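Next come the structures, one after another.
Shared between the two complexes below is chain A, which has chain B as its partner in the first and chain C in the second.
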Partner chain A sequence: MTAGTVSKEPLPQGVGNFTGKWMIVTGIALLGVIVGIVGFLVEKNQGMVATGMRDLGTMQGATWGVYISLVVYFVGVSFAGITVAALIRLFNLEHLKGVARMAELLTVVALILGAMAIVVDLGQPLRGIVNLFRYARPQSPFFGTFTLVISGYLFASLVYLYLTSRRDAATLAKRPSKLRSFFRLWAAGYENTLDQRERDRRTSFWLALALLPLLVVAHSSLGFVFGLQVGRPGWFGTLQAPAFVVLAGVSGIGHIIVMAAIIRRVVRAKRRIGMDAFAWLGRFLLILLLGYLYFVVVEMLTLIYQPSIAEQGLSEALLTGTYAAVFWGSVVALVLPVFALAWMAITRSWKLSWLVAVGVLVNIGAIGKRYLIVVPSQTHGQLLPYGVGSYTPSWVEFAVAFGFFSLGVLMVAVFMKIFPIIELKDETIEVELDTEEVMT
Partner chain B sequence: MSRRSVITTLMIVVGLLLMVLAYFVGGAPWCADAVECSNPRLEWSPAIFVLGVVVAFSSAIYYEVAKDKKE
Partner chain C sequence: MTRYGMAIDLSRCQGCRACVEACKIENNTPSAVFWMHVFRLEQGEYPNTSISFLPRPCQHCNNAPCVKVCPVGARFKRDDGLVLTDFDRCIGCRYCEVACPYGVNFFNWRDPEAAFADYQVPFDDPALVPVTGGAIPPYKNPDLEELHGEEQRLTAGSAHFKGVMEKCTFCVQRVEKNLAPACVQNCPVGALQFGDIEDDRSPVSQFIKDKKQFKLLEDLGTDPSVVYVGGTPPASDAHEIERPLTKVEA
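Let's turn to the complex of A and B:
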């Protein structure tokens, strides 16, 4: 919208319009959050004994379970969000601009959930948070993970999301609505001048450039949390860090595809998020999947070629034992999408329903793989003479996990009602609204 | 150089300085001794590191939001 234009049209993309369907979705998500809070309160009152986690060795359990698997998963999802957003702005990928903001939002939401998943895993959450900022050792990969990933990376992503959305806030602040003051505050004096646009472009470019190496370091250090533990067969290895980064990309791109498909339908923005955007995401996902499957094969071959006793026990548990169902299920969930994506890429006929199925499947596979990275090495990877352990998550852990996913849905749903989830076009809002009307 | 650019650059430099100092000077020394090398030389140095990250990235907000006197 040009400066000074005042319109009585409703806000675009259903912003500020609380429909019945939205209320139902939000209500269900809120119920899910309450279930999660109840689970956490039970854990807080009864202690960690309410979960399925037990000490390693003497209690033959696992100290890291569903929560840490979710930390790794959520932080992974965040990776692709900001990567895609940064690539779009760095290389000015016009056909992908429709997914840029939702990718940035996905990063912020996933990082918040990741941070919360760490907190619920601690027996004394407050003590853990305070001591991390007080005593953490820079040499430890935990330092890189929890300072860079959670605080630095989250803050940087928030800054990125804020700055890239100021122009839209300024545009919407010119319209009479209940959210006008909020948009004015968000815009913080933004004026759509040539100078400002040039500054935007420069800031976006440098922020994207600063974020990309930061997030590779952050995700690699999360891989190092496992990969540097020399006394833990199954974890110790050079492939952990790169495999973490690649699987992070796989789950995140899958998420963006599903999210974009839902949002384009909800806000009726088929033209803003065209099939060429999905095709680009599909091709990117295919490359990442092939890379990750290569890592899996190399890792498994190394594990079973000439294993020590502990590694042999671990590989048996993965391939034919306790974790075989999760392992092969995850492999199938990651291999099937390769065929589907390759077929669509070769025939150049991208189908949205297939892509959504692929996005869901790769995320199921990614959660399974994260679980397999975290748990089996604790129960079956003992070098000390303890018996084989076991881990079964309790209802409390499932309730909290359900609460996390519900909170994610809730945050996205609320954001969609207070701000356009798809970047507004550079021209006037009226033109964009007309276009949307024609499509509808 | 405008006031905006000067303050932005300063914020980035201060942020990076805080990160480097917190990591290499305030943090636990790089050695193998389990007792001597466990605690940071300066308590709260991890928090200072995070503060450095926050200051450095806040420079982007300042650069975008602040108004130059000329304008």
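Let's turn to the complex of A and C:
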């Protein structure tokens, strides 16, 4: 089993081994990305008129729609990845080591998608990329979104992902394979000596410590995009920022659970990601979910107890009107998981299928809630007598949204083929796999 | 210090929308875009209803939410009180639009040229000169392409770029020449007045002097530069009984 004798030995976790199944998944994801690109090109060719968005006021539309909802959602998903990774590092949670790298990857992928969703939403994307930096104004809540979230947080997450992956790169670079030079480049002189490991451990510890407050600030800044607007009923409020942070955690942890369940099966690493890891994630999700539902109740009570006239129209639209289906659908998608998780936590029997269903449900609920934050306050929150507006996304917006999710799958799939998605065990070259073969 | 502002006498307004028309021609706004809009409102319950009119230009707030939220400083407030958009800098994120409680912002949803199918008249054609007398059509007004103010930024007129935000400019190209905005100029009953609202002797200050005044949504703290007299703010049950064209299709 040493590198010298078995030169044809495959790399761990199917890295570098492009199987048929992988080709199919990647092909479908690639098709989805193409659909998204077509949608984007149509939008840029015709102008934003190709979307369902229109002006507020006389045009009775919503000027922020699916795209901004997706920005908020993707940035929210990114939250959990780096949080979990940082917590693992800070509190040395051994049993969770298996999900650390995929959590870091999830953060990076989700942030890239969030940044792209902002660009797609801009009327002048090229100007945006230049001007957002050239003329940056810290007074604008968007400043936090662009600098803290997209630049600072993405960069910090990339550094973190890189630092924590160098040991594996160094290990793999010692073995002959097609990707050997790539791993050598990745390791960049790292040779896994005691000295280097100590330095890496210290750096990533302090980086993790620095990332946690940055994360709260970044997600709060996204909440401030809405929470500071006194002219929009339903947006203005102090709960907006903390609720954003908590819902971000909910959707992100849900994502990690689903992702870990799939990857664990694909690379056959049931022992590396054990049920105790899922139980930890499930309990964490339960706590966040309870916190978020508390915020929802507080917010709704404030909105319906003695509302101003504008807020009355808004709460009616949410509870019984145009948005009732989305609202109650989201509430159900967030409340059902509480019962499921609480049951599993009390009986201490964690079922993976239930957890995956919970992960999917909370994400559907999160997308619904993000949409309900962005849109109704525009169509039903006019303070001058403009009349009630409406917003129906066009096929272009759905195509682009589909493209984003496909791109996310594509990025994770490609990463899995060039680097081990689960941290290799210390001192051993291979992950202990359940079977000898990797991903047929 | 000059602070330009507008005074609107609601007791004079008859809802004729001459101001809306003047604005569209002067500023070359695309269809379905109304930098100046006149609400025709009905309030009360039948048979005790009443009709009122409420012209709504941009309020050019002193504490403008749109200026605050702009991530690139394309929306800015000039020293003389005008709140303007730098069309060369705007990235089209539409944050100003959601931040504004007055609904005065309009986005260029499509290519501006496509929005002017009605204007396909060859004004340059020598054969047409005897008919037009050599007059420049409003949409070819060179002032709209010029840079204005101390800042020298492209702020006048509409329909410059696709995907850029625009709104009422108080006709900055006219203000620079000491002319009143087009809506004020065109009002047949003198319901609109424009000038320095901080100068007590200016016509606009005289116009509102000793009259009961209000500003729209004043409690939001935006400190608008548009002052209404001769009426009351729209009642909470007021609704529009007639609306302008609102459709924008590709």
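The definition used in the following text is that the second predicted complex is superposed on the first by the 421 of 440 C-alpha atoms of A that agree within 3 Å, B and C clash if a C-alpha of one lies under 4 Å from a C-alpha of the other, contacts with A are read in each partner's own complex, and residues count from 1 in each chain.
In the analysis below, a residue touches a chain if its C-beta (ideal position, glycine included) is under 8 Å from a C-beta of that chain, and two chains touch if they have at least 3 such contacts.
Given the structure is predicted, the values throughout are model-derived calculations rather than measurements.
A.B. asks: Once chain A of both complexes is superposed, is A:188 in touch with chain B (first), chain C (second), both, or neither?
C.D. replies: In the superposition, A:188 touches chain B alone.
A.B. asks: Touching A:151 in the superposition: chain B (first), chain C (second), both, neither?
C.D. replies: After superposing on A, A:151 lies in contact with chain B but is clear of chain C.
A.B. asks: Tell me the contact category for A:203 with respect to chain B and chain C: first, second, both or neither.
C.D. replies: Touch partner of A:203: chain B, not chain C.
A.B. asks: Once the shared chain is lined up, is A:47 touching chain B (first), chain C (second), both, or neither of them?
C.D. replies: Only chain C is touched by A:47; chain B is not.
A.B. asks: Would you sort A:166 into first (chain B), second (chain C), both or neither based on which partner it touches?
C.D. replies: In the superposition, A:166 contacts chain B only.
A.B. asks: Looking at the overlay, does A:132 come into contact with chain B only (first), chain C only (second), both, or neither?
C.D. replies: The answer is both, since A:132 touches chain B and chain C.
A.B. asks: Of the two partners chain B and chain C, which one touches more residues belonging to chain A?
C.D. replies: C
A.B. asks: Of the partners chain B and chain C, which touch A:143 in the superposed model: first, second, both, neither?
C.D. replies: Both chain B and chain C are touched by A:143.
A.B. asks: In the superposed arrangement, what residues of chain A touch both chain B and chain C?
C.D. replies: Of chain A, residues 132, 134-137, 139, 143 contact chain B in one complex and chain C in the other.
A.B. asks: Would you pull the chain A residues touching chain B in the complex into a rising list?
C.D. replies: Contact set of chain A toward chain B: 132-139, 143, 147-148, 151-152, 155-156, 159, 162-163, 166, 188-189, 195, 199-200, 203, 206-207, 210.
A.B. asks: Could you please specify the touching residues of chain C with respect to chain A in the complex?
C.D. replies: Going through chain C, the ones touching chain A are 32-34, 37, 39, 41, 56, 65, 68-74, 89-95, 97-111, 161-165, 216-217, 220-222, 234, 236, 238-240, 243-244, 246, 248-250.
A.B. asks: Mind pulling up the chain A residues that touch chain C in the complex?
C.D. replies: 46-50, 53-60, 63-64, 118, 121-125, 127-128, 131-132, 134-137, 139-143, 146, 225, 229-232, 309, 378, 382-387
A.B. asks: Where on chain B is chain A touching in the complex?
C.D. replies: My answer: residues 23-24, 27-28, 30, 37-40, 43-44, 46-47, 49-50, 53-54, 57-58, 60-61, 63-65, 67, 71.
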